[in-house]
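First up is the structure itself, then whatever we jot down about it.
Note that the chains are named A, B, C and D in the order they appear, and that numbering of residues resets to 1 at the start of each chain.
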Amino acid sequence: MEMNSATVVKCLDLIADAIHEQRQYLTDLDAAIGDGDHGINMDRGFSTVRTRLEGSSEKNIGAVLKLVGSTLVSTVGGASGPLYGTAFLRAGTALEGKETLTLDDICEAMDAAVAGIMQRGKAATNEKTMLDALVPAQQAMHKAQADGASIALAVQRAADAADAGVKATIPMLATKGRASYLGERSIGHPDPGATSSALMLRIVANALAA
Amino acid sequence: MKKLINSVDNVVKEEMEGIAAAHSDLVRVDVANMIVIRADAPIKGKVGVISGGGSGHEPMHGGFVGLGMLDAACAGHVFTSPVPDQMQIATKAVNGGAGVLHIVKNYTGDIMNFEIAAELAQADGINVESVIINDDVAVQDSLYTAGRRGVGATVLAEKIVGALAESKADLHTVAEMCRKVNSMGRSMGMALTSCTVPAAGKPTFDLGEDEMEIGIGIHGEPGRKRMKLASADEITEMLTMPVVEDLGLKQGDHVIAMVNGMGGTPLIELYIIYRKLDEILKGMGVGIARKLIGNYITSLEMAGCSITLVKADDEMIKLWDAPVHTAGLRWGV
Amino acid sequence: MKKLINSVDNVVKEEMEGIAAAHSDLVRVDVANMIVIRADAPIKGKVGVISGGGSGHEPMHGGFVGLGMLDAACAGHVFTSPVPDQMQIATKAVNGGAGVLHIVKNYTGDIMNFEIAAELAQADGINVESVIINDDVAVQDSLYTAGRRGVGATVLAEKIVGALAESKADLHTVAEMCRKVNSMGRSMGMALTSCTVPAAGKPTFDLGEDEMEIGIGIHGEPGRKRMKLASADEITEMLTMPVVEDLGLKQGDHVIAMVNGMGGTPLIELYIIYRKLDEILKGMGVGIARKLIGNYITSLEMAGCSITLVKADDEMIKLWDAPVHTAGLRWGV
Amino acid sequence: MEMNSATVVKCLDLIADAIHEQRQYLTDLDAAIGDGDHGINMDRGFSTVRTRLEGSSEKNIGAVLKLVGSTLVSTVGGASGPLYGTAFLRAGTALEGKETLTLDDICEAMDAAVAGIMQRGKAATNEKTMLDALVPAQQAMHKAQADGASIALAVQRAADAADAGVKATIPMLATKGRASYLGERSIGHPDPGATSSALMLRIVANALAA
């Protein structure tokens, strides 16, 4: 599978489908330790992304990702909107002008995205947020890069790391976001944002493996 | 889920159309962007005061747009922060050349979306100051949380600050008053039931027939402690004492007090709560200078209440008494 | 049963104590006799206007005592008419020498208790006129019923009649205006849920998850028809058309419209109802001159709404706009 | 059992007990076709009657019944307050000065009570109200009087007629009081006021038979 803008758009469509299917699940997770809207927010954002990318012939992958980022900022709302929006905007800036991607490019984009989330959300790992899925994924990707792995394998490993990260959020005490209002009562529940991050990486991994 | 709505997706849009139909004398409504704007905005030389947040807290914020209070209110989807584009449009719409104050409740989503909007406004050449409201004592204000939530004090701040802006005070003065009201304001809430986000279709949390949730926020999210149902007096005590202690209220102090319904609690019960609040504060020699009793900052149809106290000096009380004409609050005009 | 109360037996008593604590500037409260009296009553030369009914409809009636509206309100136990002794005390307390108007909602208990009170007042040498409010179109006004219930129009009548009395009009003029408002007023209500009388401990009727009750009264009693839940627009149509037809509203008429919450319905849903009401009346060329949207005549924590239309001429609108300062309504002062 | 004021007060105490026991039942009946407060209203009234009669040495049965009537008017509220209050006031007036009662006296008091209710409530029989228990009871009492029956037997027959009257209210369409707002939906339910009237007569019948 050639890592060009068509593939990127294909992955984004698949993400939109998955988010729509998992809408209730993500919302239920957010109801347990938040305000019960994460799945709804994400579905609103990614269905708008799909409509805006329909029939797009944009070659520049950076531009595609920046469009995704600005769309999410303008439609998702809540905490996840600015965070995922900033992540895609930073990734798009890192890939500005690129029409195909190497693993190096993808790692660079991932680094930019994670940095953007940390800056916007002022959070670190171990605070029971989406970072606890994305940072392990980022590290796994860099390790795969160092091992000279293929893009498909690298994303596969990232998705696996992200899933492990989600499980690791269950015993965590939330110290950021709405869940932090619950104190100890946030323990025992997986973080909704980490779950949606891991879901997105899994979708991309499956698409690239196919 | 039984609600008086048409389709889950159009709840906020249709609410906006209802507000436009009902209050065209007070506001104009940008339905597409879900923004309620004061009919006569922008007012030359007056600091524009805007706020916003997830819908479902009515009358806050759209019901507080008008003379002596807010110039614009951005509505997100139910319990979801509005997006930067909305605050950017609202900021431009109310800019009378004296700058714009953003009143932001301390929720991660609100903070970040307003932050992006403030960056965009500066880029548009509009001077913006932001003040974060974080009056909820139910959340420990420490390194280990996203900080205290912005709840009841937001309503009182919008009234007091709105009056100061009406008097053409400059942006910094208006922002400082907002910070002062925030620093003098504390709240705590509780719930007898959860509420249902229309798009979710079922309650955010479940409470047993004999259970209540103490320290809930205003987004239907669970609170600090789940407990057996207590009497109205015991509940009032549980909400009032942490607020009093955190504020360090003592004999001779005066407060503006709000007993707020969460949306599904009848007024008869709010007066029973106020009765005990009055007794507690009188016992401590703390005077209630002004009061609000009713549904001002709600969580859809949640049954429950919150208590907000703002330690008030004469200037704040004077601004409180100043005329206000909005859908949710009206006096002196 | 989850409510913010202390003991079932003290619900109304403690509510009264809360009202006294909160509004000593507006009213004085005879807690023992459960009567809310205007602080400056009796007003020499002014017709005294009193009403009363079972508690549980807050803010009606106690929340409407003050300048430009009621002079006194007698509270019965929840959903139970007050007793003659209360109306007798209230009548004496507000008699400024110009006689006293009794505004009586058309319920058998209210009618009989007010009747006995009026007999006692005449014996006390006080001139009393009584006006019965019966605006509920859900009940056929025929030989076969106790006649139409008094619901939403009561609130509008108390405002309009209170303003006329404030202008020192004589008793007969004030009573005639009340009859006119009643004759021009129609209402219909619906419920998504029942409500629980504290002393009963369980809901008065049960509604399925997908059911609603059309034509309910304000005492939590079942309505005319139990139906499958419909959309907000369909419900607005079901409530509005019978009112419009019964009033014979036509192109060019103007109304004062109230979209009233039954106590447990959030404002966001009431604006969605108002949106459709506005659309329907606009389509018929009927103008909405004034409006009230919120909880004004409730049934404890019942989820549901009612629509009231009063066909209004210029004089009635002028009286509507006159200053009012009560706990439940305030403008112009 | 001698029909003096002591017996009358004894009966009123027993009525207060029975109303208190049947409080929930009467309220449930009122919830079906009214506003769910009849048992609560009656219990409030008759518990106040009991307190006011405690230790009363009033010989004049008329005075006792008038005290009951004014107490009910001042405490029950709702529709049943003025109705039962007026009934007891009228009965008391009819028995003014009497220290013992004959069956004639009781019939006279019953007639006055029923007339009072009809006047105050502006209702007739077959409207699904308390009258549909009291009027049959009244007629049964007059028949017993004509048959020369004892007081105990007359009240027994009145109570039986009242019970039959209550059953007869079930198929009736309510055309008075709150139940009338339900139209046809009031059919199939016994009337709460008729039930409390029959209950009171039954208590007195049992007391006199003991």
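Note that contacts are C-beta pairs under 8 Å (C-beta built on N, C-alpha and C of every residue); 3 or more make two chains touch, one makes a residue touch a chain.
Just so it is clear, the model here is predicted, and its values are computed rather than measured.
Contact with subunit A and subunit D alike is made by no chain in this entry. Chain centres here are Cα averages; for subunit B and subunit D they lie 55 Å apart. One simple way to say how far apart two chains are is to compare their mean CA positions; for subunit A and subunit B this gives 32 Å. Centroids of subunit B and subunit C (each the mean of its C-alpha atoms) stand 29 Å apart. Contact with two or more other chains is made by no residue of subunit C. In subunit D, no residue reaches two or more other chains under the touch definition. Taken as a contact graph, with one node per protein chain and an edge wherever two chains touch, the assembly forms an open path, each chain linked only to its neighbours along a line. The part of subunit C that touches subunit B in the complex is made up of residues 2-7, 11-12, 14-15, 17-19, 21-22, 55-56, 58-59, 63, 192-193, 209-210, 212, 229, 231-233, 235, 263-275, 278-279, 291, 293, 295, 298, 300-301, 303, 305, 327, 330-333. In the complex of the two chains, the subunit D residues touching subunit C come out as 27, 31-37, 40-41, 44, 73-83, 120-121, 173, 175-178, 180-183, 185.
Put simply, subunit B touches subunit A in their complex at residues 54, 76-85, 107-109, 112-113, 115-116, 138-140, 143-146, 149, 197, 199-200, 204-205, 217, 219-224.
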